[in-house]
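The two complexes that follow have chain A in common; it is paired with chain B in the first and with chain C in the second.
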Partner chain A sequence: MVIDGVTKASFDELVEIETDEGERRLGKVLEIGFGKAVVQVFEGTTGLAITGTKVKFLGKTMTMPVSQELLGRVFDGLGRPNDGLPDPVADKFLDVNGEPMNPQSREYPTSFIQTGVSVIDGMLTLVRGQKLPIFSGSGMSHNILAAQIARQATVVGTNEDFAVVFAAIGVQYSEAQYFKRSLEESGALRRSVLFINLADDPAIERIITPRVALTVAEYLAFDLGMHVLAILTDMTNYAEALREISAAREEVPGRKGYPGYLYTDLANNYERAGRIKGKSGSVTQMPILSMPADDITHPIPDLTGYITEGQVVLGRDLFRKGIYPPVNVMMSLSRLMKDGVGEGKTRSDHMEVGNQLYDAYSRAQEVRALAEIVGKAGLTGVDLKYLDAGDNFETHFLKQSPDENRNLDETLSRAWDILAALPEGELTKIKDKHIQQYYKGNK
Partner chain B sequence: MSLNSLERTLDKVLSQKESELISEIDSALQNSLKNLESSKSTLQVEYDAIIESSKKQAENLKRQIIGSSTLNARNKELIIIESAIDEIFTKAKEKLAQSNNEKNYEKLLTKMIQDSVSKLGSDIVIQCNKADQKLVRKISSQEPTGKNMKISVSDDFLDIIGGIKATSVDGTMTLDNTLDSNIESLKPLIRKAIVQLLRGEKK
Partner chain C sequence: MVVKGRIVWVSGPAVKADGMSSAKMYETVEVGDSKLIGEVIRLTGDVAFIQVYESTSGLKPGEDVIGTGQPLSVLLGPGIIGRIYDGIQRPLDEIAEKSGAFIGRGITTSPVDMKKKYKFNPLVKKDDTIFGGSVLGTVEETPLLTHKILVPPNYPESTLTDIAKEGEYDLEHVIGQASSKNGDKIQLKMYHKWPVRKPRPYAERYDPTVPLVTGQRIIDTYFPIAKGGTGAIPGGFGTGKTVTLHQIAKWADSKVVVYIGCGERGNEMTEVLVEFPHLIDPRSQRPLMERTVLVANTSNMPVAAREASIYTGVTMAEYYRDMGYDVVLVADSTSRWAEALREMSGRLEEMPAEEGYPSYLASRLAEFYERAGRIRALGSPDRSGSVTLVGAVSPSGADFTEPVTTHTIRFIKTFWALDTRLAYSRHYPSINWMQSYSGYLEDISKWWKENVSPDWYDLRAESYHILQREDTLKEIVRLLGPEALPDEEKLVLEVARMIKIGILQQNSFDKVDTYCGPAKQLKLVRLMVKFYKEAQKALKEGKSLADIRALPIITTLLRAKFEVTDEEISKLEEIDKQLSDSFKGNIEEVKVSV
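Our next item is the complex of A and B:
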């Protein structure tokens, strides 16, 4: 929408549009100059007439009213109540673009978050303040995994408050209902804030949704001292909306038509995670993105991977085999795991067991490839044991029910069950004292 | 073969068979006892697993029930508070609507007109409600912002509790300075103050 006769508007300024029938909509200034302002209307321009439409520049950027009352509430993509309840009473109004964290004040993340999902807790441990994305593909079970993590995530062994901020970006109505129901039925909604932007909502609203969600996450973490897990799904829809708006603004397109500032824009969102010295709370981010055509070199996963601290990759082969969660551990990594596990944090054997599982599964993959050529008969006894360990890993450790919440002891116990199939001499990543204590195989 | 030797042979076979059978029974008994013993530990593991899973289920159920009850109670509180807020706003608006005879109200309208002129220029059209028209005309005629102004008061009345709406003569710009719109823009702050009073957080 282009407005004439504008002299004092600012970039990103919020605009209120009133139709001649009295309906009010919101928009934001995209461009200004030559006495004109280009405004993107959040609710879309359908039904707006040239005559009779009034525009009010609100003199401020978009803000989100925040307070502890937001917990247990469901909002739309712009932060308006979507649960039939009144507007929350605001403690503060915060700019949705957030304030950058002073790098000097950042504290290195070192504390464990238990998700109840074995493969994540055991091998790709999530640490408070980390940003760990899930790279998925179209039709895979990333939404089920996201909902499971939202329901189960917790900080173990402390009385510190834990909250989940869940932003569903450009999702279908059925998916939105699934997320809502899933949190309601598990009783996790009371410690969660849910933002739902539907696929048929205007593109500009999709740009706002993660910002609104992260604003709330920052408030809960740094004002109220809570440990917050922000789950953003699906960031691919966010990037698509960014491309759509960029094209409408006639900007020079970059890779695959995405704007050249896609990296900066994604970083603006992803960098809103972390811990701050002197404050007790933390914002941990788990953005989820579906890779178009499962292509990990696509600009969205590619740029995301540069910014975040590792990635959890879901594999099409495992998904087709009916394994949930279909995490391809060989392509996945949590860069901060080493600092968040071990003696005094989780369990002293945690890191070593994780490394040994990586080693065993990687050998199992090689043996599987070899068996396809020479057949099982051509394998050595140790190879066969690795083959068994690989199968066991997928069925006993990786695979779990979407409502199964495994604590860390159970996860590590399952890991030791798998390692029991291997001869003791093969456990080269684990210290002797831990083998003595936990190894269940024949010594 | 004599009858005696046949009997002896039969006895021998029978006793051999008997001892075989007894040994088989013994061994079966031993096997059964062994199986029973090993089953005990398997059963114990299964029993523990069932108990553990039931405990988990019970814990989940407890969390669900507590979670949804707390949330329901909180949501009901929010609805009650909101209806109280609505009532307070309605009463406040009624009171404001009756305040146009007060001296302060004339001052407020004067300030609003001055504000409109400074923002929209000296040539403006003012709309107000029917009850305020006389007062607005009086203030406008007193040239509140100096001379060379052209303030006209419209006969097209607004359905508002008070204040004015000023429009530039070309109709492109409007300044909504009605009490209704001011209340609306300050509503979040007023709501917060009301909630604090209702919850006893502020006196």
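Our next item is the complex of A and C:
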């Protein structure tokens, strides 16, 4: 929407639009100058007329009222109450765009979060203040996994619970409901804040949804000192909305029609995670996105992977096999694992065992491919052992039930069970002293 | 005359202002009432196009734009080392003091502490002739680094009329006065400013002949980079670009390291800040932070400053080069810098070339990489220094045919291709040994021969040949299975596996394995080649491959990289002896049951 005769407006300013029927909508200034302002209308331009539409520049950028009372509440995609209750009393108003965190003031994330999911705790450890996305595909069990993590996540030794900030971005009604119910049943809803933008809500509103959610997350973490787990689903819908606006503005597109600033824009959301020196809270982010056609090189997962500190990738093959969680460990990674595990944090063998499992499973995959060609008879003795270890890994370690909460000792003990099937000489990633202590196979 | 214009249009980091007819291209300006820092990047009539280095939220048409008359410059003087700056050389710790944990706007700070006193030791005396680039004296910047006070390179030949005595001075103190041939009086201080987009001049350029030792086996042994050389490390996400760059920044045998975090993660910069003060330089036993300077413009900081951060970093690197030091600059990631160019180009409504990137992308990349080199510095005394440039590239979809990667390859000589498949199987560093190359191999082999061992070149070639053969054999195995190969070729596969695990893979997070000195690298290679030869001989003598595979020495060889430290390298001689013994006599006897 372009407005003429504007002299006093400023860039990024919030705009209130009143239609000729008296309906009020919100928008923001994208471009200003030469008497014209380009305004993006969050609720869409349906029903706006050239004549009769009134526009008021509000003289401030978009803000979100925040206070402790937000916990347990449900809001729409723009941060307005959606649960029939009145507006919460605001402690203060915060700019939803946030400000970049100063790297000098960041506290490096090092505290292990136990999610109770073996594959994550053992091989893709989540750390407080990390941003670890789930790359999924349509129809896969990402929501179940995210909900399980939201319910079970604890910092070992403290029994502190996480506050959950959940932003549904253009998701179906049933998915949003699943989340809400899951939090409700486990009693986690009273320490949660939900933002719901459904698939049939205006696409433009989606640009704001993660921003209001992260603004609240930052407030809970750094003003109130809580540990916050922010779940954003589905970031693919967010990027689509961004593309829609970019195309409408006739900008030069980058890859696949997405704007050239998609990376920067995503980073402005994802980077709003972390810890700050001298403050006790933290924001841990778990964005969920569905890879179009399961393609990890698509710009959305691709750029996300460049910003986040690792990724948990769900695999269609495992999903078809009926394995939950269907995490493709080869493609997954947690960059901060090295800093959150080991002596004094978890267990001194944790990292090495994780690496060895990767190695073993990777060899098992190679052997599987080979066995398809030459048959099992053509394999050597060691190869066969890897084949077993690979199967074992999927059924004994990876697979678990959505309500099963395994502690770290159990996870690592399961890992050693799998490694026991391999000859000691194959364990090249583990130091001697840990082999002496934990190895269960024939020496 | 001070330029004073008025904002007429705002869109993101791009601002148009009129009344700017006397502004210069690339002049720094203060934009709006909150005095945001910007730079003029296009002039059309009296309208200037300005890229603003800070968030423009709330900026209004009608606000003032005031010129500074100066191009974007950095301040060069003692106090830079150990600091962390944003893309336009504002210290982030001072920004934090002024605006808290989140970065505010319109903050002006001095890049270095102008009041701090340094002990100045003059190296010149009154009536000496000085030139642009001459060394006036030294101060101790950190225990690791003696900072040489330089005459600004663009100053004419002059005669010193006064020079300060040894003593403590702050940066604003005039330490020397000189008069040039045409009688101009010149005042010299311990710092000067230099425009970032203009390469600092030097007297002469040398060929790079000395390797930059990084302690990373696959880099030093197989794909080395020379001091003063250029290298690029492209890879999809999760392939370990940042870890590899961190390793180079940590262990490279250079005097100064400039680390540019350009559009990358905030936590990565924090990691450097947390880790480097505790890491000890293996050569000087001092904390690594005493030789490191960081330029951080993370992905969520303003995009225009990201574009500037590369130039800010390389100008500081050139300054230390001019003192006669070897400097390594690592830039993570040049793709984000290219994206910043693309974004500004889009806002300028320029005609795009490939994938929306501007057509001048290639020439900008070339200008950047050409600022590397080993040189003889200007002025007296004679000294040579180098700037080595290593840039990460983040190709979208790990596709090396995208514009930033293809253009970068044209201007660099060492290419470390990171391989997503290797990374998935946790082979780190995931540098693909078939795709990577180094253009410095011949130039620097003399150094290895003289300083490490005369047979370096041959051993490297022999071990690399095994990897090459494995690469071809792998195709056959994929089609027919390993049993289709004769024992001799199966042995090649086995030894290649050992080289991959025992040499190419290196664990950056292991205390011992993180750094591997040249001597140890060579010994490990020699052991592998020796194993191959002995095993070949044993096969010919009728031993079975299964027996060779069962030799316990294999596990010893594979674990040597992290079980033997650089200090106790003589242990590798023992392993060498065990290796010989393993093949002596009847293999059956030394075999242990597995």
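Everything that follows uses one rule, which is that the second predicted complex is superposed on the first by the 421 of 443 C-alpha atoms of A that agree within 3 Å, B and C clash if a C-alpha of one lies under 4 Å from a C-alpha of the other, contacts with A are read in each partner's own complex, and residues count from 1 in each chain.
Please note the rule applied: a contact is a pair of C-beta atoms (placed from the backbone, for glycine too) under 8 Å apart; a residue touches a chain by one contact, two chains touch by 3 or more.
For clarity, every value in this text was computed on a predicted model and none was experimentally measured.
When both complexes are superposed on chain A, chain B and chain C sit side by side without a clash. After the chain A superposition, the centres of chain B and chain C are separated by 140° when viewed from the C-alpha centre of chain A, nearest 10. Touch criterion met: A:299 reaches chain C, while chain B stays clear of it. More chain A residues lie in contact with C than with the other chain of the pair chain B and chain C. In the superposition on chain A, no contact is made by A:248 with either chain B or chain C.
Of the two partner chains placed by superposition, A:156 touches none, neither chain B nor chain C. Of the two partner chains, chain C is the only one that A:276 touches; chain B does not reach it. In the superposition on chain A, A:104 contacts chain C only, with no contact to chain B. Using the contact criterion defined above for the overlaid structures, shared-chain residue A:184 touches chain B, although it does not reach chain C. Within the superposed three-chain model, A:72 lies in touch with chain B and out of touch with chain C [touch as defined at top]. Minimum Cα separation between chain B and chain C in the superposed model: 18 Å.
Residues common to the contacts of chain A with chain B and with chain C across the two structures: none. Chain C makes touch with chain A in their complex at residues 7-12, 16, 55-62, 84, 92-93, 95-96, 99-104, 236-238, 261, 263, 265-267, 269-271, 273-274, 296, 298-301, 303, 336, 339, 342-343, 345-346, 349, 352, 355-356, 394, 396-399, 423-426, 477-483, 501, 509, 552, 554-555, 558-559, 562, 594. Chain contact summary for the complex, chain B toward chain A: residues 56, 60, 63-68, 70-71, 74-75, 78-79, 81-82, 85, 172, 174, 176, 188, 191-192, 195. Residues 7-13, 30-34, 38, 61, 95, 97-109, 129-130, 222, 251-255, 260-261, 263-264, 267-268, 270-272, 274, 276-277, 279, 297-299, 302-303, 305-307, 309-311, 330-331, 333, 335-336, 338-339, 351, 355, 358-359, 362, 370, 373-374, 378, 380, 423-425, 428, 431 of chain A are the ones that touch chain C when the two sit in their complex.
Across the complex, chain A meets chain B through its residues 5, 54, 56, 65, 69, 72, 85-87, 89-91, 93, 184-191, 405.
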